[in-house]
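Presented below are the structures under discussion, each in the form of structure tokens.
Heads up, the next two complexes both have chain A, just with different partners, chain B and then chain C.
And then the complex of A and B:
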């Protein structure tokens, strides 16, 4: 009998101890998707495609540096190549998980740096279907998370996490995320509106290994209600390139160093 | 004249640089735009009978050449002005940059923007083109370049910008042939403009020191130079026959602070204007010293809608000395002159359409300027904007009230490459 009990405990124990909670899965996913490496660089090509097929292009270099642990503060530096009327503009974000971002924009035509108001992290990023939060992440504690099922996407085993915002002023009522069990990248996300209808779908369309970090180098956000979608391709993607703290300053907003933005 | 020579020399140098650069520079880019810009009177014809405040076609070329640690930038415009029926070239900017680890330098014609105001300038001591602003030209034409040198120093605990401007450049005010404006002495047509002569003593100096203070962007400013708005000096105060337009000496000591507060961005800016030639305020032909103060607040109301509010006040020092010495018949400035502004900007259609409304209103004087505008990006290369400038209120001598007959509607169309 005692032997049986020990056996039972041995079987049950790993499940109790080693099974990940939904919050832990989301934390690992955030670390894999938004906090890999000490720093990160990518040339980002965004195609904004209307229902009728009209395309607009937003091309930029994004530089990111972590300050502290995964889930902590980050700084972003963005330089715009296209479209022509925003060429040479730069944009800097100090991201804090627990409070509003600090954001600065540099307007080259009048050589002016100005702070811009940044209360709504659910606002569209440069007019695309991605929000600021989709680019730089959402605080895990802003939602309650539950494992709703486990499912395969292609040949990848995934957890499916249902995340429900605690606040009522969010544009979706809940989100389902398909998180790869191996590398913890979100392979798909479905956003459901207030009526419970699916209205936005995110897909990671290409995963590449860069310096040992699995990275979603192609991604799409599609708005099912408007028919508008945004396709994003990362190129020149790199990690741990030694971005100095001083890059995130007014000096370099006004004169972005070629070695980082090219 | 100096400007003209400078421009010609600069164009020759630019052309030489342009053709020699490919040999040396590792990285060159050429961009620019083609633009049409018309502004039609909506209330009255111009003083000279014309119907347009502005009518032109313009080509801009921007040349960028990099070879670390050097960078050359040339922005030059060619345009045809239908009102004066003339074509011309204009060097907007042309400078050489040098960058080191802890400092950098920029020499040549450059646009510098300081301070936090939205169309209100306390510590932005650099020249403006108000004619461009009131005529419905794109906002970038409000700023004029200065011919000078700027050194940036970045030791870490603070950042410094040191500017020296040997060639004085006044603000550009509306042309009296195109705009109805207040003139205190319209009978005297014999006028001479006298700019400060170019010498070491008259070289303008502007310094800005800035750093982060508890999450706020803090700046201190110093300027020693001249008012960029001309003042009138009659040859004989009793029976004037000739007016000299000149630029009085000015020093400014200022500060600004900006950061996240009250769910938005809060800004404070102040400056003490030391009128060095009339510190006692007794000379009515010279400006008195002033203190200027601005508070601004910007907030996102909902997605893609931003609200900006400003309150600005000017306080004249030694007001009683000014009043006691003012000749009768001259309009009397107020001890306090204030100005409020509101700006609403709504982006639509994936941020390709921008509806904006800007208004100035002075509670103390009662005059206003309204500027509604719609801008749409038809493609990634072509945009158009239509808008209007509407002036009124106050008196014939007040800042915006004097332009009551100058209301205009404008269109700007640009192909950018």
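And then the complex of A and C:
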């Protein structure tokens, strides 16, 4: 009898011990989705598509460098190609998970760099359906996470995590994320509004392996209530290219180095 | 004759007829629970109409909402204090949770985007993220509010006492339900603040709810009043009931069929029960004549058949004329006008069918002694009513010239009145002055930019043209020009945002509160704004390729005329300031103008066609153009007088009034038909008595004409008067309705029926007496 009990404990224990907690899943997902490599570069094509099918285009180069561990500080440098009249506009973000970001914008028409206050991480990124937070990530400790089920998306096994914001000032009441069990990329996210209705859906439409890092190179965010959607395509994606710390400065905002932005 | 046989059949099988009628009625009653209303003025015009297609396109291009509710909050001590601001915050939070509210685009202190500069930092954030805790914070908020022209008269009144929360609705949401929910939310707040809920969807959906009430309460009350009136006239319960039943049956059949076919009830068709009830009073002629005949013959069945022979022809033709008057509406453009026309025409035909079947059947079923008792009261010589009518008729007969001259003077006065008619329509004024909606609308229009919204869309020929300083400055200039109109409370456009950003980027320097010099600057400012503001801020005012810009024009009145003024001002500005852009009006204010005009012209067209059709029917009925003309004169006269009065009292000629024109024609013609038909019948009967040997009827002499006229004025005249009184009493109920269109219709029908009955009884004798030489030239036919 005692033997049997020991045996039972022995089989059950590893399961208990090795099963991931929802917070761990979200941490791994954040690392895979937003912190891969030391640095990262991509040419980003954003199509903002209205309900009526009208399109606006944002084309930009995005450079990102990690400072510290996954989940820590990051710096972003963005150079705009399109729309045509904002060519040469640059945008820089110092991202701090625990406090408000610092943001700077260079307005070439008046040759002026302006700091932009950023207390609302849930506001739209360049008029798209993505928020700043959707681009650069949300602090895991801002939400409580729970595994609501496990489900397949296509042929990929996923955890479905329900994340409920701890603060009430967020535009959604909870979010469901379908996290790929093998590469931990979010394949789909559903945002439910304060009335409990589904209103935004994120999908990772194409995953490519770049320098050994699985990367979502096509993604869509659709607002079901306004009918508006934003389609994003990454090209010229690369990791660990050795971006210097000095790039993230006001000086380079005004004169972005060609080798990085092209 | 086919009709004759229907009467005989009904007299022979009265129970079968009654049973059939009841079965049909019950069957159609089952359709009633499916009833739905449609009070959206948009549906006045078909989906494919130019204005709807264009409006839909504008809404789509600029991501606009069809419907918006405004909640006004007024504190006479000023709203900029912690207490009131706390309430605004709580109320906004609650509103955001209401189903059907498009939460992302609610504009309030806590949701509206504000672009500011603090030190070196540019900030785009909601105006108030938390209620200010110190006086200093309050001062900052105050400063931000009043220095930003985008806020003044929108979310804050100039005197700081009024704010508004703008609540856009999702497609298909019920405005009244959401308005009621908002009222509940504000009820929980205590304090000095007053709350006002305004906006087109509230008005529209409240109207829909009231419409149901009107149909459910006022139609039965009208029925009851008619019932009592009939009972007082005939002193026989079964008769009164049968007449009411005829009215109810035709209402249930026509409404049931309409609902069963899937049509929604519009404002016009909601009036049709009362209309049909009034038209049903035409069968009073049957009862009236039946009583006379029964007293003479004392045999019920013969009396019924003789009665139907005597009044059958006029009843048939009046029904035909009325039905035709309404049926022409089916060929108009406005959907509710078509439905209304078809509905009432159908109901009228049913009424006529019942007059020849159901009524004779009921008369057959009534016990003889009851009729005898009731009819014994009827005596031409004794009755006071008939005496009075006889004297009315004799006035026209004996002093025809004086009567006609008075008529001509009245005619001239009426024409002068008609020239003063003002064509206008104002949906909010469909509610009574002291109604919540009217008060809310008045307050918000006085304190803020205005509750009625129109758009002026600037359309250029190339992409990105709107970003040029030329286009921006032009839009700004046009805005200032429009704001000079007294009806315009506020305008806003993309130029306002560009100017705001220019100023903020230059450390809030007032010098930079202008459109910047280059296209690049404008493009980059707009982009900068779009980087942090709500997407809808920009989408609402420019299209994606920057070819079109949308200027919001808030109007302080719902008068259709206001938008006409705006359109004219835009045209004038364009003429004096040429630019390669077109300007097209849109929005609900514009739509109200368009459908309002369309309804009016449709009704006018319908009226003219109805006049021709009714004239043709008169010609057929009297088999004479001359007699048709004579019968037509009192009719036209009545209508002219009514509209003359409309012009003099300054009542706007709006949709409900225009509906009346066709109605008046269809109804008033009845009296002329009855009078002339019965008069000629009497002449024939009398002539036959006098010259029995003669095959050809001779031209009647004046004495005979005078006597016959007086007889007609007294006997069928009584039927006409009873008809008019019944009619008027049924419609008088509408004067107590909570909605002004019904009141208007009620008041005018009452006066019109009384007037046209009197006109018929005075003017027909006068005209016939004056023109007897011409009328009887070819002998009596």
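Here, the second predicted complex is superposed on the first by the 262 of 262 C-alpha atoms of A that agree within 3 Å, B and C clash if a C-alpha of one lies under 4 Å from a C-alpha of the other, contacts with A are read in each partner's own complex, and residues count from 1 in each chain.
Methods note: a contact is a pair of C-beta atoms (placed from the backbone, for glycine too) under 8 Å apart; a residue touches a chain by one contact, two chains touch by 3 or more.
None of these values were measured; they are calculated from a predicted model.
In the superposition on chain A, contact is made by A:83 with both chain B and chain C.
After overlaying the two complexes on the shared chain, residue contacts for A:51 are found with chain C alone; chain B is out of touch. Once the two complexes are overlaid on the shared chain, A:250 sits against chain B while remaining clear of chain C. Of the two partner chains, chain C is the only one that A:225 touches; chain B does not reach it. In the superposition on chain A, contact is made by A:124 with both chain B and chain C. Once the two complexes are laid over each other on the shared chain, residue contacts for A:112 go to chain B and to chain C alike. Of the two partner chains, chain B is the only one that A:100 touches; chain C does not reach it.
Within the superposed three-chain model, A:258 lies in touch with chain B and out of touch with chain C [touch as defined at top]. When the two complexes are overlaid on their common chain A, residue A:198 makes contact with neither chain B nor chain C.
Annotation: chain A residues 48, 56, 83, 85, 109-110, 112, 114-120, 123-124, 126-128, 228 touch chain B in one complex and chain C in the other. Note for the complex: chain A touches chain B at residues 48, 56-57, 82-85, 87, 100, 102, 109-112, 114-120, 122-124, 126-128, 228, 246, 249-251, 255, 258-259.
In the complex of the two chains, the chain A residues touching chain C come out as 48, 50-52, 54-56, 80, 83, 85-86, 89, 91, 105, 107-110, 112, 114-120, 123-129, 171, 193-195, 225-226, 228. Contact residues of chain C toward chain A in the complex are 60-61, 63, 96-97, 99, 102-104, 118, 120-126, 129, 170, 464, 467, 505, 518-525, 527-528, 530-536, 538-539, 543-545. Of all residues in chain B, those touching chain A in their complex are 27, 31, 33, 66, 68, 71, 97, 99, 104, 110-113, 116, 139-140, 142-143, 152, 154, 159, 210, 215, 217, 258-260, 263-265, 298-300, 302-304, 306, 347, 350-352, 377, 379-381, 383, 414, 416-417.
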